[in-house]
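This report concerns only the one structure given below.
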């Protein structure tokens, strides 16, 4: 419930979300998805949902980016769009 | 003090925007990783500042601790990708 | 030699021979497992638990004992590799004495990088370069502390440490790299009595 | 007019929700790459989670963890207005972990498709299926 | 295709935007979500379960049935990944690399050559394989025990601070993944085998369901922890608190094992020979 | 405002200044290797200073809880000092292995000509 920070972070979330699907490189997309998840965690913390923020922090920082990188490592980085 | 913490967190959020520029428009993937690293380090501080604004720091400090320890796993994984598959551009089209 | 570490770009000024493809082959470890690392891990875990928990009733402390035992069982041999306690407390004390000097150096380094960042003619000031030097440190922990100290201090980043102690360092300008290996190596060596 | 405008302005967090849903949906429909589709699916998921969490927020209240460790002594009764609604948090907490598990399954499917067809692009896969 | 997608999402966004005035205000205490059942949880949660963190109380006690099946979903996701990717056939087409441990000489064995498998002196190494990096290895050796301890702390203190089985399990799994990234997949298999991981994940779900069944046997409803009071030797409120802890341990085990299984299968594409 | 508050505020401000330097340095420096210098050093120092300031602020009321929270914040600082150089090293090592050419004065002169 801290609206100035909230507004800025929301803007950044939109930017990183658009970036994650627009980048023409799957590894870059995975990395940007990591940023998206960091910012989402901050957003939950600002709204006071501590447990959700904790889950998102551990999941986003620890696991999901690694899964994406592992999958890209096992397939290919190439994408047409 | 509350106002100081509020201004500090707003300032940090703006700085995150600057780092986000590097990670969205960075010419190579490694520049993006630098941006992610910078954003992660700012996030740790920002979480504790939010805790101070809520006046419940003892609850938020756990999240920040988890963040500080796990923040670099993604960086390690991405750098391990480059150590195994050499070459920065050869797989990516259009460069 | 099958792992090909040489990239295709011939114009790259970095010496790839510094990248040794060998893992250090440790001599086969003796079968006797010293209990000391496990005991040390247990004690450190218990102290950390007390700081983290903040509840000093019997139930939570017994939970802490169980958790420390689990961590000791799964990863008790990670934290400490030494088989004997000899010299360990002295190393720790000397390391703690090293930290303030390191903090001061880090502060100076940050001021240096800060001046570069805000300088309007920054492009003329910086002169990035890679160079290599041979360190005389033998102990792995000493090399680790030295490498991380280099990364944290004046305009230099450790790129690679070969198993023979050869450091590859990236420096942001001419002045930054000249002090290496200098006072810092002596101080790190002094911690471990080398 | 002003009433409508203010009713839109006070709900700016839902704008973000709508925007994220649109981004995720666009990636799901228009992107041909399977990993991009999976990222879009995840963005969609987090948008829904954000919607739930922002429904539960309350102005001027604190996080849903009681201040004193001995709440059952009840020197003063706990007022519901002082604490943020915990119910959406519970539902969404499990949803996040489940989303990671489904992400793992989706990536496993993508790896399997890549082993079979050698590509992640939808149209190339369709061309390979149609050919023989 | 892109044009149709744009039309569709603009239509959908327009509809959502049209419905915007009917959404409750942000931070409105009188919104429908905050008025029906949640005041009861907030006002009685701590008195009923001795857990100041209301989220944990609701998660594991009031809505424990829901959470049990969420855990089952995670477990089945791990199994699905296993059955999708895991291959047991040895691929012998490529060349293999072995290292003689006492001397450090690397052997390259072409297809059809005799491999020194089973010998004590040789160990297999990966085909595209990273040289030993001292700094990363050392850091991970220093970090991993603390991360594991922190994960256990998070599981054990879910009552008093944010945390619980889900978060702690993910952090513990992330610690193991960190070790796997810094070393290689084989050295992790020496510590946590695949079979053990699957058994652990099943055991986690079993602990959760078994607690419920135990309550059923003792004469209460499914997952009614206050029936455990006689077994644990405490009063009913503390029994609910301890019941929450037991259930959280089950959740943590399941989540940890599933995260590790997913990583094993994804990073090696099911072959379990060389990881990321 | 007590003296402790003033010191804490000054330290937080200094930390934010370091963060600002890091963010601008990442944008201004010419190539990947030199960008790592502000990213690796200034962010670490900023975190150290700001978190120490917050820990000092928490010592305003000397109770067990606040001291333990301050200790936890110091634990974060210790972890940051271990992990941040490692992350920097991992990135620069990946860059070298990927075959990235470092920017030097000479390449700049060639670019001018």
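Chains: A, B, C, D, E and F, in written order; residue numbering restarts at 1 for each.
Just so we're on the same page, a residue touches a chain if its C-beta (ideal position, glycine included) is under 8 Å from a C-beta of that chain, and two chains touch if they have at least 3 such contacts.
Keep in mind that this is a model prediction, so the values were computed, not measured.
Annotation of chain D and chain F: jointly contacted by B, E, touch as defined at the top.
Counting hops only between chains that touch, chain C reaches chain F in a minimum of 1.
By count of C-beta pairs in contact, C-E exceeds the other of the chain pairs C-E and B-D.
Inter-chain centre distance (chain E to chain F, centres taken as mean C-alpha positions): 31 Å.
Distance between chain A and chain F, defined via averaged C-alpha coordinates, is recorded as 21 Å. For this pair, chain A with chain D, the centres built from the Cα atoms lie 11 Å apart.
Mean C-alpha positions place chain C and chain D at a centre distance of 39 Å. Taken residue by residue, chain B touches two or more other chains at 33, 35, 54, 58-59, 62-63, 65-66, 69-71, 73, 76-78, 80-81, 83-87, whereas all remaining positions touch fewer. Across the assembly, chain A contributes residues 1, 30, 48, 50-51, 53-55, 58-59, 61-63, 66-67, 69-74, 76, 78-80 that each touch 2 or more other chains.
The set of chain D residues touching two or more other chains comprises 12-13, 19, 26, 30, 54, 56-65, 88-90, 93, 96-97, 100, 104, 107, 111. The part of chain B that touches chain A in the complex is made up of residues 6, 9-10, 13-14, 16-17, 20, 23-24, 29, 32-33, 35-36, 39-40, 43, 46-47, 50, 53-54, 59-60, 62-63, 66-67, 70-71, 73-74, 77-78, 80-81, 84-85, 91-94.
By the touch criterion given at the top, residues 62-63, 65 of chain D touch chain B in their complex.
Contacts from chain D toward chain E in the complex involve residues 4, 7-8, 10-14, 18-19, 21-22, 25-26, 29-30, 54-61, 64-69, 71-72, 74, 77-81, 83, 85-90, 93-94, 96-98, 100-102, 104-105, 107-109, 111-112, 115. Interface residues of chain A facing chain E in the complex, by the touch rule stated above, are 1, 50-51, 53-55, 58-59, 61-63, 66-67, 69-71, 73-74.
Per the touch definition, chain E reaches chain A in the complex via residues 27, 53, 55-56, 154, 162-164, 166-167, 170-171, 173-174, 177, 181, 259, 262-263, 266-269, 275-276.
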